[in-house]
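Heads up, the next two complexes both have chain A, just with different partners, chain B and then chain C.
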Partner chain A sequence: MADLQKLYDAVLNGDQKAAIAVTEQALAEGITPLDLITNYMVPAMDEVGRRFECEDYFVPELLLSARAMKGSLTLIRPLLTASGIEPAGRVAIGTVKGDLHDIGKNLVASMLEGGGFEVIDLGADVPPEKFIDAIQNKGVRVVALSALLTVTMPSMRKTIDALKEAGVRDQVKVMVGGAPVTQQFAEEIGADGYSDNANAAVALARKLVAEGAPA
Partner chain B sequence: MSRLAAWLANGPLITDGAWGTQLQTLGLPLGVVPDTWNLEHPEHVESVARAYVEAGSQVILTNTFRANRITLADSGLAGLVEPLNRAGVSISRRAAGSKALVFASMGPTGKMLLTDDLDPALVTSAFAEQASVLAANGADALLLETFSDLEEARLALAGARQAGLPVVVSFAFDSGRNLDRTMMGATPETVARELEAAGADAVGANCGAGIERFAPVCQRLKAACSLPIWIKANAGLPEVKAGSVVYTTSAAFFAGHYPALLAAGASFLGGCCGTNPDFIRALVATRSTPCASN
Partner chain C sequence: MNGKERILARLQNGTPDSLPLMPITMMYAGDIAGIPYGVYARNHEALVQAQLAVADRFDFDYVSAISDPAREASDLGAAIEWFEDQPPAINESKALIHDKAVLSGLALPDPAAGRMNDRVCAVRMLAQKTGATRIVEGWVEGPCAMAADLRGLNTLMLDFGDDPDFVEALFDYAVRMELNFAQAQVDAGATLIGVGDAAASLVGPRIYQNFVLPFEKRLLAGIRAMGVPVRLHICGNTRRILKGMGETGAAIVDLDYPAPVNEARAAMGEQQVLLGNMDPVRALRDGTPESVTAHLEECHAQAGRNYIVGAGCEVPRGTPIANVEAMTRFARTRQ
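After this line comes the complex of A and B, so read on.
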């Protein structure tokens, strides 16, 4: 019998190998994907988030846990798809035009993947057209914009304005983040949400997807 | 006496302020690697360096923050390591004359070891390569700045030290509730101890938070090692005013923290993002008015 507590521990401790091993064994024994996710993996990620908030965990631990989640989800995803359960949502993420930094963006992308999202990473220095293309052609529900430089913050506004001009703004939720970005700035430029860290970005994306779901 | 100790024999030194934002005011477009201006617009780069020397900076940096092979490769510029660094040091040397020391700036790779985006051996060789060009062209010392990963800093330091110049290593403390941790969670104590053990000649903090946050970090770095402390603080957090992004911290407010930072043990003091020559002038004025804090 698979010891499912070990799956919880593997995610909490960021042990991708163990996460994959337990998941394989559990699935072979006929334990349902939803049981694994709901009762072990999600609670483990919740605990990771709690420890991050308490400053017991920092970015390295977050990343390792997200990678353990992703390893396990890679095995689980095909089974979910087969039984008609969709991923948490599809997110297009990128650092805005003029800004070459991508560490923060990569962190958020990893956390979103660990949180069950399908992530389309558009890279750094991304022109608005690429975000528009992702919305029009790739079924993106959320657009996540990153900026590290004060001087590229206006690019976030321009990107959102470009989405409006292209007539696709209403099809997605836009979330923003990055060192100089604030809640006040997010509201000013008409973003739907702001997160000041990679952990909270996952909860924010879930909330935005729920808000954006067709009634 | 070490070279750093000799330079500090007459007391703490005032360094310079931000370069990137100054170059932008001179027309550097967004998305262009600032270091390329060492070749494209050396006159603009030199005017930034000169403005700091004229403001009273005793140490100025170089416009070479991104000029390591790994970072340049991202923009297809890996072939320019030598010319960009050579020009960068030459420009600052010309501006410094005999009035200021030139500490050559070396930023992190912008990639993460933890996600396997980066081969550790390549980090050391990339910084060794950059450091050797900077040293060969007349830098007085090297500055590894705005690092957030201790492991990457150790690898970079191992490379930079091969050039034989003093090496300062400075971290951004921008995480945790009190903004006293690196992004990777390291405390000032850990950073100071580990870097001293790895052979750094000075350690410090730059970027990250506004200057009001720096005194406690400075004090903790100082208490945890026997090295001189390097401090370059931001001009606070930017705010949005009438649609544009501005730093609201004034030069006077910034300089008002000078006595506290000296008391906390800072040996080098200057500004990071959002600061300009006015901030350096204000620091110099504060220094020459010993009672300013009373």
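After this line comes the complex of A and C, so read on.
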């Protein structure tokens, strides 16, 4: 029998090889993908987020854990899709047009994935059209915009305005974050939520989905 | 006292006539001079014009050749994205050392050529035009920042766990390169060198202590041996690495807003000159002259006498003139 506690430990300790090995064994023994995600991987990433927030873990540890989790998810995701199991929500994430600084975005994407969301990572320097396409064609319920530079913050407003012009703004919730971004700025540009760290971004996304971003 | 005397008095345990004033300005300086930042970063004459304009306008005690982290990487052939009116950025998806094997064949760039030389030229011109009365600050990347510029920040963060030997080899390369770059700027007339190592704020105390700090110490010791003091600028949350930052040998330690001044003072002792930690966006850009003054009053109270006025990081574009004037007024009326 697979020792599933080892999956939790592997994700928490950033051991990708061990995470994949335990996942392979567990799936071969008939343990359901949802069991692995719900009872081991999500709690492990919750703990990673908690440690990150209280400055016990830092960016290297978080990225190693995220990589371990993704190794398992590579095996699990096709099975979830085949079973028709829906994620907690679909999030399209990217740094806004003009901003190539993506580490904050990557941290949030990893934590969202660890929180049970399906993350469509559009990358860095993303024009509004790509977000619109993800909303129209990929069932996205939340759009997450990141900016590190004060000079690229206006691109957040432009992206939200573009969603309105394309007639898709009402189909999604928009959350924003990044070092220079503030709650006040988020409200000014018409975002639905703001988070100042990766862990809190997961709670925010859950809240926004619960508030009724359309399915 | 002129600005140079004022800063040197602070660094040499003397008595400046008022608090030295050294806010980092880049895009803000370009805006003051009406120069698009894409030009500022590419043309040393434009940078010098803007630095002189902002220093004259606000009575800064120094000028700086800082502009962007991509000069060295650019000269090495890394993929750089240019923008008309914001800093150039390194495209991590095309990182120069995407393949670790590239490092062993990478020669050190010549600071007398390319964008590194453009900075050296800026230093030389600044020294000629204002070096008699103001500190002229050259700038180099710290080992962690430079490694991130070449390897990609996300990848470097994983390298710490995957391949520590490679990280050390990369840091060693970065230090050797930056010592050459610093020497060229000192030879051109820099009277202080700033070391920017922002990526170091992401790694936490264990990795900072084991990997980053030894190389920062080596870099700073090398620069000090050139006869100039060093300003260490690690923006971001440095709260857990403050003690180490105080051991680097930096004459001035910058504090970004997540790093409380009183904690830095406790970690580094009374003699360390501190600069910061006003939140550049929320307190400086979005504040009022009154709130800026109140923030600085608090920072100064926590830091004590060994303090230099500045924001936690670059003065952001769009900061009201009156708020920067409030910084100047504060500096000139306190000791």
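Methods note: the second predicted complex is superposed on the first by the 209 of 215 C-alpha atoms of A that agree within 3 Å, B and C clash if a C-alpha of one lies under 4 Å from a C-alpha of the other, contacts with A are read in each partner's own complex, and residues count from 1 in each chain.
One rule holds for everything that comes next: a contact is a pair of C-beta atoms (placed from the backbone, for glycine too) under 8 Å apart; a residue touches a chain by one contact, two chains touch by 3 or more.
If you're wondering where the values come from, they're calculated on a predicted model, not measured in any experiment.
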TODO: Using the superposition on chain A, decide if chain B and chain C clash or fit.
DONE: clash
- [ ] Using the touch definition from the top, say if A:Pro180 reaches chain B (first), chain C (second), both or neither.
- [x] both
TODO: Quick one: classify A:Glu55 as touching chain B (first), chain C (second), both or neither.
DONE: both
Open item on the list: Contact-wise, after the overlay, does A:Ser65 reach chain B, chain C, both or neither (first, second, both, neither)?
Closed with: neither
Open item on the list: Quick one: is A:Ser110 in contact with chain B, with chain C, with both, or with neither? Answer first, second, both or neither.
Closed with: first
- [ ] Give one of first, second, both or neither to describe whether A:Pro154 is in contact with chain B, with chain C, with both, or with none.
- [x] first
TODO: Considering only touches as defined above, state whether A:Glu188 meets chain B (first), chain C (second), both or neither.
DONE: first
Open item on the list: Looking at A:Thr23 after the superposition, I want to know if it touches chain B, chain C, both of them or none. Which is it: first, second, both, neither?
Closed with: neither
- [ ] Would you check which partner chain A:Thr95 touches, where first means chain B only, second means chain C only, and both and neither mean what they say?
- [x] neither
Open item on the list: Just to be sure I follow: which residues of chain A are touched by chain B in one complex and then by chain C in the other one?
Closed with: 55, 57-61, 63-64, 98-103, 106, 125, 149-152, 179-180, 182, 184
Task: chain A partner contacts - residues on chain C that touch it in the complex - done: 27, 81, 83, 85-87, 89-93, 153-154, 157-158, 160-161, 202-204, 207, 236-237, 239-240, 280-282, 285-286, 316-318
Open item on the list: Under the definition above, what is the set of chain A residues touching chain B in their complex?
Closed with: 55, 57-61, 63-64, 97-103, 106, 110, 125, 149-155, 179-180, 182, 184-185, 188
Open item on the list: Looking at the complex, which residues from chain B come into contact with chain A?
Closed with: 20-21, 24, 29-31, 33, 74-75, 110-112, 114-115, 117, 174-177, 181, 183-185, 237-240, 243-245, 247, 273-274
Open item on the list: List the residues on chain A that touch chain C in their complex, please.
Closed with: 14, 55, 57-61, 63-64, 67, 98-103, 106, 123-125, 149-152, 179-180, 182, 184
